[in-house]
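Presented below are the structures under discussion, each in the form of structure tokens.
One chain, subunit A, links the two complexes that follow: it is found with subunit B in the first and with subunit C in the second.
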Partner chain A sequence: MSENFRSLETKFLDKTNRISFKYNGKKYYGYKGDTLASALLSNGIHLIGRSFKYHRPRGIMTCGSEEPNAIVQIGGTGSFTEPNVRATEQEIYEGLEASSQNCWPSVEFDVGGINNFISPVIPAGFYYKTFMWPKKLWYSLYEPAIRMSAGLGKSPTQPDPELYDHNHLHCDVLVVGGGISGIIAASISSDNGNNTVLIDDKNSLGGSTIFQDDENFKINDEISSVWLNNQIKKIKNKKNLIIKHRTSLAAYHSYNYLLARENLADHKSLNERSNKLRQRLWKIRAKKVILATGAIERPLIFNNNDRPGVMLANSVKKYIDYFGVRCGNKNIIFTNNDSAYETAISLNKKGINVSIVDIRNNSSSILVKNAKDAGIKIYWNHTVVNTAGYRRIKSIQIMKMSEDGTNVIDSKINLVCDNLSISGGWTPMVHLFTQSGGKLKFRDSDQVFLPNVTTSDQISIGSCNGDFELDDVIKNTISECKNFLSLSLTDFDLLKVNCPKQKESKNIWLLPNDKPLGKTKPFLDFQNDSTAKDIKLAMREGFRSIEHVKRYTTTGMGTDQGKLANMHALGIISETAGVKMGTLGTTTFRPPYTPLTFGTIVGRNVGTFFDIARKTPMHAWHENRKAKFENVGQWKRAWYYPMDDESIHQAVQRESKAARESAGILDASTLGKIDIKGTDASEFLNRVYTNAWSKLGIGKCRYGLMLNEDGMVYDDGVTTRLDENHYVMTTTTGGAANVLSKLEDYLQTEWPELDVWLTSVTDQYATASVCGPNSKNILKKLFPKVEFNDENFPHMSFKNAELDGINCRIMRISFTGEHSYEINIESKYGKSLWEKCMDEGKEFNITPYGTETMHLLRAEKGFIIVGQDTDGTMTPIDLQMDWIVSKKKYDFIGKRSLYRSDTMREDRKQLVGLLTDNPNEVLEEGAQIVQDEKKQPIEMLGHVTSSYFSPNLNKSIALAVIKNGKKLKGQKLLVPMKDKTIKVTVSDYIFFDSKNERLNA
Partner chain B sequence: MLNINYPKIEKKEFPNLQLNLVEPIIKLNLRGKSREFFTKIGKILSIMLPTEANSSATIKNISALWLSPDEWMVYGRDIDKNLKLSLDSEISKLNLGSVTDVSDQWVLINLKGKNVFEVLSKGSPFDFNKFKNTNNVVVQTLLNHIDVILHHNDTNNVNLFVRKSFSEHLWLWINDSSSFL
Partner chain C sequence: MFIITCPFCGERDQSEFSAGGEAHIVRPKQPTELSDDEWADFLFMRKNIKGVQFERWNHAHGCRKWFNVIRDTSNDKIHAVYKMGEKPPTK
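Now for the complex of A and B:
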């Protein structure tokens, strides 16, 4: 039976709730509230995984989000599996299964460990040098090998079955971080009437002070943890304070827009979380933000500092004082500062063997005195030069340092240990501050980057602002909050704080060794295996910028984003290059602060909610008729209606023949519709469209082309004059909203003098478009009171009519070239109208057709689709639509631009028709068109915009935009495809009924 | 006779939340800015159009929602065809402004209960903190990326207007989100 390392009492865990979990297939036990890391440590397990490059054994190093080593695969191999989960953050639950990553066949014996032995030949940057030659091996060997070894853990291969959610939150003050400074800030803020939100990534508040039981740390004569615990109890009852546990801030964007991930079920068993949300992404808008994100302890950089059992000192303290777990039986603390002595004292108090190696000559701190008084052995002015132990540290070698700290002297001392707690000082967590656009400053005294200038309404308090001692943290937190929230008094103003002060400090980025650097492995980035010598190699090879060194050595590019590594990398660069560290700057801190699951990012926008579905009133009919739908903007439009096992091609051929030969019906409800009223409506249309509108009679329709100010075609549609001062405009389906915004913008800013009112009525009316030689007969049956002869109801005219007592607007307009009518009715009657049309059209074999057939029919007629045959660079003249541009009108949007030298060039790309030499060969839309395939470089003349096989013409037809196209009519051109070149002839763009005989039939 | 078809929206209940389709109900879009326009509207509807941004006025069963400085939506059980016709003849025909029937343009869904703003916050970036404590306020915002008009007509009682084509999708989304309250 393995030794139980949970020999200590703790009030922070529920010891009545024993939980079983599996790690690498073996069953273990922990308690509710344990992280996977604390539970494993309590079972004596330190070896968790293998490093990325050298596959060196790695163990738990920290107790938080900065963990580089203890990253595991959770959830076996099923759809619930998740890689790269930090054991230090994952709470255990009944049935949890975790396994080591990046090792085979096991973490104990990993074949990949061979990399450690060949490490001299695979230094930093070897990727870039090695795989350059021979070139032919890239596809056959290098790429497959790199892909096989890339990444940590295994991605799930099945869809994520868990549920995720998004939520918006607005508050006056957001406090990020639930340590002592965050709790004081949240308390001050909420006490003064601010709607306050406090978020913390742990399952309970208090940070590191909550387990600080040392008599040296007192607030108002109470031990700091006792005082803080009382404050936590108080803030839980505050009315305008929301506290969110297990919530970590992922991103801090401009203008105090922040994203936070709340873990709702990651600590629950799979049964408990069934059909419940796993995580929620909070989208927070805060008027003010208080960052109290704390600081993380720095490691020390020395030879073989990566063995399992090498941990950060403060984390060791948390495991003892919070989780009741000792990380070893023989502990050595290796430090350059006083804070690690707190860990030593804690260990000593619990009867655990501990000694200290300190690189300083001495310290006058009360903590050091307490350690000495407790009989803890201290090796002053010593450094660790090596460690031993493969799967767990067994011993260390220390040597005395020279006076200047650049070398080691005297003989080696061998110390036996099973845990080495290291502490290299503290690094303020300024990631979120810089994400928000804040600029940092460098403090030379303790070599830290601190928040400096920011444009958003925020402050940083506590240790993330460089206050590392309790009295400074409290005093400055109160004063900063008072200033930030414009307060003169707080309940905390008279607090009395006692704590030890750090007096002597010494920092050496790369500790000296008796061996040359090339013979040692002092790791900086424990996850990516980058060492101090890699940094120096990069410097020798000419890299100077931290951003370049980072990428060359992969320092800080792991899932931990170098939270432990980056400062040391900067320090070594500055020392090597002989420049001040503050001038180097930092690497860019990008969101997210800690990894987010894809599920959290997308929330409920999956499946049905992946995209918005906009449906016409006839949608249910189309569905019943087994229509296939296509997305047009957000609309679901009937694409084609396959019968039996028809392919799209067969269905479109059938539908288009039916429309030309008898009758077809199209759901045109998606077209944008804008109601235009006012005494200046005609003048408004004159200014909006390129053609003239003043003389359009009541009851008449007209096609219009709308340009941008640059003269390029923006939208088109038919507008109908319903009354003297009343029009209804139709727009393209996708352009409706933008056209309305544009027109409203013009009315409000450019033409406020016009008496014109616009109202969107797109959804108010359903539209059925009936076309074909028998359309008139069908309309006659539907509207027996209306005269449909050409004199009474000519092409491009409109009539009000009633269908079963319901008002309809009938427009005789056509987008197919056939005699056709559009019937508009209030949308609640849309489906019924459609069914009525189908009933009355039965004897004429009325055939529903979708957008694909519509595209074919209009292409036969050479009618353009804005957005398909145009791309924002086509003028009406390019489209051979000179006829629609009025020469007489004083002005219209885009007119001036049509007379610019470039838009008047005759060799611009112009719309033409294309006919393939082989009439059965259909061109691909988007295909490039050339004249001479052999010309180098090959000259692209244009591209195919629309292409179909026309059953009515029994040949392939296409529309294209081609440079100088008008003059190329009749010429042969080439369309080179992947496996052949298609010969085409430039033709007129109207292929069918060029005299409009059918339209007026 | 033509059949009437409304989007597939049925009454639903969730913890502290009731959802209900409120149709048919006449909705009119009013646009204008002249004094005569306001006077005529006041006479015909017996209601003063609100001029304060994002506010509304309700008298009996007619509500007028401020949409922009010269645009309102009026809706209510007391608006009938005759009222509509007199508005059209007194406003549109006399060129005092514009009256447009948008009864079929918008679908009205009522959300009622303590969790109304909980579910709205899931899909809307709007800050409901003040809104939920004030009756007779209006906001045009996005809900699950869809344009909506929200009329807070009583405590924890919101009339939501959504364009008909979006209504079924939004309804499904509201149901889905309500199930995770």
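Now for the complex of A and C:
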């Protein structure tokens, strides 16, 4: 391992900035600008991890985001650790710690490697087929064992301490990809007055042209990399061009809405990045989008093509020409096209031993001629049939191919090597184009899917549009951009480009072998360990659709989303099924293009910013009184107020008794309040509530029930007539926004002729509800000028009043069944109103109570809570609330639905009361109710909706919805629980003060 | 995520709006005179087509106004936006 593979000078790295990092606990060195992959390769390390299923040793294969094998865990065990990071993308920094994944005890010796030897008996679908029986072993044995041996990296166990941000960005033109075509496009766009943004996922621009030193590639008589380098210098000074490095496009949605992840800190040491943003998610809205996302090289599919040291040819070229790292001392290139010859020539020029195996008969390309002239040995019309070497490739065996390419002939030749660079041609990166809704076409000549039809304002240029040769790339980039941006001239119009042209091409998806397929391991998806065999097996078992084959074999389902695998899977399916590839279609390309961390997705929306918390003006008082809170929608409502060491049960029992015996006070500020004004306000209420409203006098209140058009209960609340044409409606806490939206809908769309205006005033008023036999005495002290006798201020009526000169609205209404008042005051006085009530109520032992006690008190009275006792399938008739449904009104929302055959069924679930035979036994809300436990299948009659121990009745009470419940009064039913069965009797649903005598007490 | 031109406020992000289903389904003026089937037709039946569809949208986090949108559901292209009560533009 001591050999240094960084043999060459390179202008792309800062050689003065040497960096140390740790890999699997051992210290290594690299340079600023290295990726983890290039740094490891420079230290002679190819073996990175073990494969997902067979635990085969795997090495670095590529130099970019398509990497299937070289995925590592970054960071130790602390909160900064991150699994599944591609070593080919991670830049090294001082102190970086990386380790191999999916291996135990070490990547060199991995126990799971046994899977490789039993691989013939674990083909695709093995898990589905094998671990079905006996069923109960799944949870106890199969799943834990499979999860132990499979799985990728380890998730962090502590909260992510780093900062993430979301930003919006608007631009005229967004160019995605900083290769040569993207740079030309960004240059043309910004030169012509467009605010342009260029994003690129690497730390420097230039794509693969920036390290193209071959003299065959020239632009305006300069070597292409030199010309491009000058262009990059020029665009850096353009005023209306923003360039974003280390920014990868994650998603491309309709209407040119794109998400990009900018990496701000992952290349910095932990000291440098403290308290700074790690990543930023850009939400980009671009008028026009130019995709220049390039192409990735295809592997070749042959036996044992997955050993460490097997790499893509163009990546090997990048490692030598960009990073100055040779991937081996004895290289073999295995190709079906001319482009891999660039790698061979590059290696040869640097004095590195290289030979070529080509499946074609010959090629007349200038590159091939140069290779021949350089004396590079070429094996024409040969294919690799096997490779050897466990932790690193040691040799390959090649054989001559038959005339038609379906078989191999003659004897095997053994070639020694420590690197095998493979090239199966190129695949345009059309992911983003299809994400945006674009449709693809298939080009038979080189077997590629290309952008075809799109509805977005976008173009694809360069190799992602199927141009693989420099002259085509430049010529078409310029003409496409001119057309797209409506230009007649650009600075690039007269460029002179020279480059070699691809000559003879030959494509074989699955290369022939001397052994039957069953005895070989030609890997397609390196990350998920699926082979050509698995694809054929899936097809034999009847899978035809690419989407089904994908899921059955898991091909393309790794974190690389099959960037290398998918084309070959399609190719083998089309060959096997005898179907044209163009008609097969592709699997769906889904965002994100490369994995995002959760931190980037959520940005600042963590902790208290995760969701809005709405607090009432009295909130601080409740907190001070050590109230426990419950979430109701976004509201924090006081749930109960424990004293000393009280449990919730003890607190609620105390609060409930106090409210009925003397006085209680509830913060009701969260109830929705809608101000209704207009000459048709009464008519409007007539139409939205089930009961009649025209005759409600000014200063009176009425309870209303609101249905959906399907006849099901939607909301309820008390509405008060403040004036001739002025009402204030209350809604449930959770339903407020929906009710307002529904009312607006009807007003604007169905009844635009009504003169009615709706305003939400929920936040404008604070409400204290004072109840109990002494409530009147407290109110008298608070409002000495108001007469509180039953004649002047009866139940269900309203008075304006003043508290220290501040206007209040007092409604005498009750949700507890007690004599009760709701005092509404401008929000900012809410807390002082509350404190005054507490002061004046002190002599009456006024007791603050929370939502739990409120629920208990109303349940004693049989008042429903919409959303607890109803679930969107309950009509007022089901709730035994026939009394509130007007027979006289011609129409109201939902009326017609109450007469549908289904809603009129008598055996619907209906609201009833339940009493347990043992009065101390409290039912669980949600518990199922049955009649006969032994009947199979057991018949569910309904369920418990509300259940409490009532301190005022000294027994357990419950509300439930039960099939045909109205007729079951007095009947014995059963509530089976996990460890016992509770006997219950159906009762009336009003348990307490059924004559409403306490309202006027 | 698309852009909707609210007829009252102008171009806004889709996140400001909420969808209200198929447009031009008028609530019957005399529901009680309808048969169960006719009422069910109003209540439940929606076309939900792939292609050009007439829809209701509400500028929920803006002016709260309801309006109509002609949208191609296959590619989210919006062909026209018009106010409640107006006739759909003919093309």
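Basically, the second predicted complex is superposed on the first by the 973 of 1001 C-alpha atoms of A that agree within 3 Å, B and C clash if a C-alpha of one lies under 4 Å from a C-alpha of the other, contacts with A are read in each partner's own complex, and residues count from 1 in each chain.
Note that a residue touches a chain if its C-beta (ideal position, glycine included) is under 8 Å from a C-beta of that chain, and two chains touch if they have at least 3 such contacts.
Since the structure is predicted, the reported quantities are computational estimates derived from the model, not experimental observations.
Undergrad: Is A:900 touching anything from subunit B or subunit C once the two structures are fitted on A? First, second, both or neither.
TA: second
Undergrad: If we overlay the two complexes on their shared chain A, which of subunit B and subunit C does A:163 touch? Say first, second, both or neither.
TA: First partner only.
Undergrad: Which partner, subunit B or subunit C, touches the larger number of subunit A residues?
TA: Between subunit B and subunit C, the winner on subunit A residue contacts is B.
Undergrad: Could you look at A:750 and tell me whether it touches subunit B, subunit C, both or neither (first, second, both, neither)?
TA: Second partner only, subunit C.
Undergrad: Does the superposition put A:615 against subunit B (first), subunit C (second), both, or neither?
TA: first
Undergrad: Is A:828 touching anything from subunit B or subunit C once the two structures are fitted on A? First, second, both or neither.
TA: A:828 contacts subunit B only, not subunit C.
Undergrad: In the superposed arrangement, which partner chain does A:803 touch: subunit B (first), subunit C (second), both, or neither?
TA: first
Undergrad: Would you check which partner chain A:542 touches, where first means subunit B only, second means subunit C only, and both and neither mean what they say?
TA: Touch status of A:542: no partner.
Undergrad: Check subunit A for residues that touch subunit B in one structure and subunit C in the other, and list them.
TA: 285
Undergrad: Note which residues of subunit A are touching subunit C in the complex, please.
TA: 253-255, 257, 285, 437, 455, 709-710, 741, 744-745, 748-750, 752, 890-891, 895-897, 899-901
Undergrad: Would you pull the subunit A residues touching subunit B in the complex into a rising list?
TA: Touching subunit B from subunit A are residues 163, 165-170, 195, 277, 283, 285, 604, 608-609, 612-617, 620, 634-635, 670, 675, 677-679, 725-726, 755, 757-765, 803-806, 825-833, 836.
Undergrad: For a test of understanding, state which residues of subunit C touch subunit A in their complex under the given definition.
TA: So the residues of subunit C touching subunit A come out as 1-3, 13, 18, 20, 26-27, 30-32, 34, 36, 39-40, 43, 56, 58, 60, 64-66, 75-77, 84-85.
Undergrad: Which of the residues in subunit B end up touching subunit A in this complex?
TA: Touching subunit A: residues 1-6, 24, 29, 31-32, 92, 95, 97-98, 100-106, 121-129, 144-146, 163-166, 168-169, 172-173, 176-177, 180 of subunit B.
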